[in-house]
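By letter and in written order, the chains are A, B, C and D; residue numbering begins at 1 in each of them.
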Amino acid sequence: MFNWLADVELTKSIGIWIAAIGTLAIYSVLYKENPAYRLAEHIFIGAAAGYGIYVTWAELLKPNWWDRIVLGQWYWVFALVAGAMFYFIYSQKYVWISRIIFGTLLGLIAGLAFKGFAGINIDRIHASFKPIYGHGMTISQVANNILFIIVLLAVMAYFFFSFEHRTPARRIPSSMGRWFLMFAFGAMFGSTVMARMSLLIGRMYFLLHDWLHVAH
Amino acid sequence: MNFFERLQHIDRRIMYLLLALVISAPLIWTIHQPVTVSPAVKKAYKTVEDMPADKMAVIVIYWGSGTMAETGPQTSALIRHLFKLNKKFAIVAFDPQGSKFAYDSAITIGDELHKKYGVDWVHWGYKPPANLLPLLQSFPRDVVKAMVADINGTPLAEVPAMKGIKTIRDIGLIADVTSVGELDAWIAYIYGSYKTPIVYCPTAVIAPEGYNPLDAGQIKGMLPGLQGAAAYERLLHVEGFATVAMGPLSASHVLIIVLIIAGNIGYISARRRRGS
Amino acid sequence: MDHATLPVAVFLAILSLLILGKIFSARRGKSLYIRKIPGLSAIDEAVGRATEMGKPMMFSPGLDGLNLPTLQALSILKHITRIAAKYRTRMIVATAEPVVYTIAEEISKEAYTNEGVPEQFNAEDVRFLSGDQFAYASGCVGILNREKVAASFMFGYFYAESLILAETGHQVGAIQVAGTPAIVQIPFFITAADYTIIGDEFYAASAYLSREPTLLGSLVGQDYAKAVIVLTILAGVVTATLLGIHSGWEHSLNWLKWFTAPS
Amino acid sequence: MLKPDSPPFLWALGIVGDFLIVGGILFWVLNLIPGRFRKKFIVGLTFLAGLIYSVEFFIPADPKTHMNVMTPFTQQVGEALNVVYAFALGLGVFNLIKFHGTNLMRKRTGWHNNLAFFIAFFLMMGVGFWQYAAPSKMSVNAFNMFFISIVAALGASMFSTIGFFIISAAYRAFRIRSGEATLMLVAAFIVMLGQVPIGTFLTKGIPAEGWVSLFRLENVSYWILNQPNMAAQRGIYFGVEVGALAMALRTWLSLERGSFFEREL
């Protein structure tokens, strides 16, 4: 009964048809929310959840937990005990036990912050030490470095919250900062268009090439 | 409301339909477009060229089918370049789909350029993303021990390509092809600690984040998205999907620009009318 | 950077002490000024409109698991849900991570209880949709459309799905307030949402909304910490320039490496 | 005693047994803590947990191995954390099953969608474990088919809808309404044009060499991304990171009392 599943070519073409119909169902929401989209949405969420359980077991729990216990590291049972603490959130009387695991997680996350902060920012602070003049610097380097420092400082000025921006000396840098920000956001938007269009082209290529065989 | 004023209220469905049309048409009737190469891509190309021949490059695959339209061509271009230069490379994947796709495309390009799996290149297999940070700390010290086996389950110590590759010092280049943006981890653990050159191949959307490390010298070059891949294809003198996709890509950009201009014409004429 | 060098450790200590110092001085009752953040003032307006229309609201705390941005998102959720409970307006919370989902449920329940309307809380309104990025997005699109959401709040760490959520929200006519520390997603919120809070206004949000001394103090402390970064950069620029004039700019870059070395 | 090659169900029994014993003892011990100390206990635990990573970061490392006394321990903690998180997945799955199950049982409007949820859920989980437990041409093929045609394809389709949304968002937002909106429009315009061949074509009259080449669209676009955009982003980043650091400090020292959980313990 299931022998056809072993046929690579057959399953491939069935897969392409399912995928193409699913793609069209998803795109249909662009016109209007409708029963086809709703069905695709529910199937998607269901399949993703089922896949998630399988992946969590196969890639995480089996190699990193089960196999370790089987090899004699019995103390990994504590991981299950810790994981079970989450579920006390549903108990009125023992809810505080779930706070133990939440509290520990919060502590761990907080502790990572120093490393996270330094790992990203120290190099960036250092890279901001740009000379605004020096031997061997070209005019464009000088101009770019001056611009860099003005933009950086103006943007940072915008994010000072506890100063009243009343006097011009305080207002001007911060409103300049806002202008630079908007300019940068425009640039980010523009550079993202390409990425999004690339994916859409990829998907259209799937429909036109893999499914309908009309594209090259 | 006259024609011009109506331009500021175009129904989104009409715009969506137009977009679908301008993308499909150039895919069906291919249009060739000239491609320019940005300095970031040139730097990346040069970094790959300059990698010492006795070292191994590592191509990191951290993308799935969702972004394959961008990351697939980037990966293929890098693979082709390394093959042409007769330089060894390893693929390591943090996404199961990407892992399979990168393997298939390296086999296809390898067949074309007469390169052999296991000798000229190796695939270290798929590693769960949760293992990324532990791996970044362990593999620089002992590559074979940390990566264990190749994609077929052969122990790495028995793979000919791995001969002489022991620590991070034997790795001359990390090419991070990613849709995830885990670059910071590579910078923190690999570049920060060992100064191994990193070439960053992000999807275009996370590419703006790459300019900061590029400026700080933490990465040595970048292929931003599909356009980066097309530029790289041009440096390599090949025509892949990236080059073909430049047509629809241009067309879709033109459409956006035309629509924005139309919207502003409508806006201005409506304002004038209210003013008069 | 694997481990702190001495300059880095000193630098981090200065920043941390400034923040903590301001927190404790605020707790002792020092009054503090915070400038207006327009996007956050719009939250009341959004809740008010949903109440008038008698339609529900949606909150998305982003895609990430429990980390610092998500903690901040949850603390914003707490404030908005309280307002929602006060106005007896339904708030649907769509989460993408199991642990975040449980905390969100707890927060919602407490908000309704604190406002004296525990019976208004509906456990079905706090939902775990999917851990998969786009399955989550498709679920949010479904909710926005089917529940005829009148106000949508997006606070947390977002990725590509930001525009799907925001543009769908716009199409169903919801009034939208968004904020994220994910910088590349901010432009999409700016174009599609009605109010967007930018950058570290996100971290200022809970202080702004709650006016709790601890949070206000922290916010002022953050300003001082940022001022230290600004001064450090200025000092670096001046030193680099002086060295550059004296002995060439490339040399100046090398000399300044003491700040990060030894790596 | 169980051996590594003992049948998995015996191991499962053993693990559950261990779990009940260890968990039971822990539960008993925890309940010995008097109510009024519980909060202090959790605050202490949060502080201790925060020490793990921060102490590891601040202790100088051996320059050769890049490690210190704490490093192996933090690596272990990281791995354990992943496992503990994985067990939390059940919380989400319960919610999904409860939500869709209730709709299905009560035959609420659209219940067939909830049924489709369950079919897809069990199908995908089923083929996943099938190809995992008994890899064969058939099972692997079945898994690939369903994964690629449902999870991957619907994900890619949903992802690509952004291409459509970006058009309508840009059309609506990029109007010369205010100075800010105009600035955004100008930057987006230049960068969009500079990234595609058509932009290159527009300014191909400008020489490719010498300083005038800077005015070619692709170079202007690159310059915008690489200079003002980079500087602005760095400025935002510093603020965001300081905000995160402050959040971490408040969390670590439990200063934000009752921020997430107000219910008394």
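Throughout what follows, a residue touches a chain if its C-beta (ideal position, glycine included) is under 8 Å from a C-beta of that chain, and two chains touch if they have at least 3 such contacts.
All figures in this text were calculated on a predicted structure; none of them were measured in a lab.
Following the contact convention of this document, B, D is the list of chains adjacent to both chain A and chain C.
The most central chain, judged by C-alpha centres against the centre of all protein C-alpha atoms, is A. Seen from the C-alpha centroid of chain D, the farthest chain centroid is that of B. Contact analysis places A-D first among chain pairs (by count of C-beta pairs in contact). Each chain gets one centre point, the mean of its Cα atoms, and the points for chain B and chain C are 30 Å apart.
One simple way to say how far apart two chains are is to compare their mean CA positions; for chain B and chain D this gives 21 Å. Rounded to a whole number, the gap between the C-alpha centres of chain C and chain D is 16 angstrom. With touch defined as above, residues shared between interfaces to two or more other chains in chain D number as follows: 56-58, 66, 79, 82, 88-93, 96, 148, 151-156, 158-159, 161-164, 166, 168, 170, 172, 174, 184-185, 189, 192, 195-196, 225, 229-230, 233-234, 236-239, 244-245, 247-249, 251, 260-261, 263.
Annotation for chain A: residues 26, 29-30, 38, 40-41, 44-45, 47-49, 51-52, 60, 64, 86, 89, 102, 105-106, 109-110, 113-115, 117-121, 123-126, 128, 149, 152-153, 156, 159, 181-182, 185-189, 191-194, 196-197, 199-200, 202-203 touch two or more other chains.
In chain C, the residues touching two or more other chains are 1-2, 4, 68, 71, 99, 102-103, 106, 131-132, 134-135, 138, 160, 183-184, 187-188, 190-191, 198-200, 204, 219, 222, 226, 229. Listed in rising order, the residues of chain D touching chain C in the complex are 56-61, 63, 66, 68, 85, 88-93, 95-96, 99, 102, 151, 154-155, 158-159, 161-162, 165-166, 168-170, 172-174, 184, 233, 236-240, 242-251, 253, 255-257, 259-263. Contacts from chain C toward chain D in the complex involve residues 2-4, 9, 15-16, 19-20, 23, 65, 68-69, 71-72, 74-75, 78, 97-99, 101-103, 106-107, 110, 114, 124, 127-128, 131-135, 137-138, 160, 163-164, 166-168, 170, 181, 183, 187-188, 190-192, 198-200, 202-204, 206, 214-215, 218-219, 221-222, 225-226, 229, 262. Residue ranges of chain B in contact with chain D, taken from their complex: 8, 10, 12, 15-16, 19, 33-36, 38-40, 64-68, 97, 130, 133-134, 137, 141, 193, 204, 208-209, 211-212, 214-215, 227, 246, 249-250, 252-257, 259-260, 263-264, 267-268.
The part of chain C that touches chain A in the complex is made up of residues 1, 4, 8, 11-12, 32-35, 37, 66-68, 71, 99, 102-103, 105-106, 129-132, 134-135, 138-139, 141-142, 145-146, 183-184, 186-188, 190-191, 198-201, 204, 219-220, 222-223, 226-227, 229-230, 232-234, 236-237, 239-241, 243-245, 247-250, 252-253, 256-257, 259-260.
Against chain C, the residues of chain B that register as touching in their complex are 12, 66, 188-189, 192-193, 205-206, 208-209.
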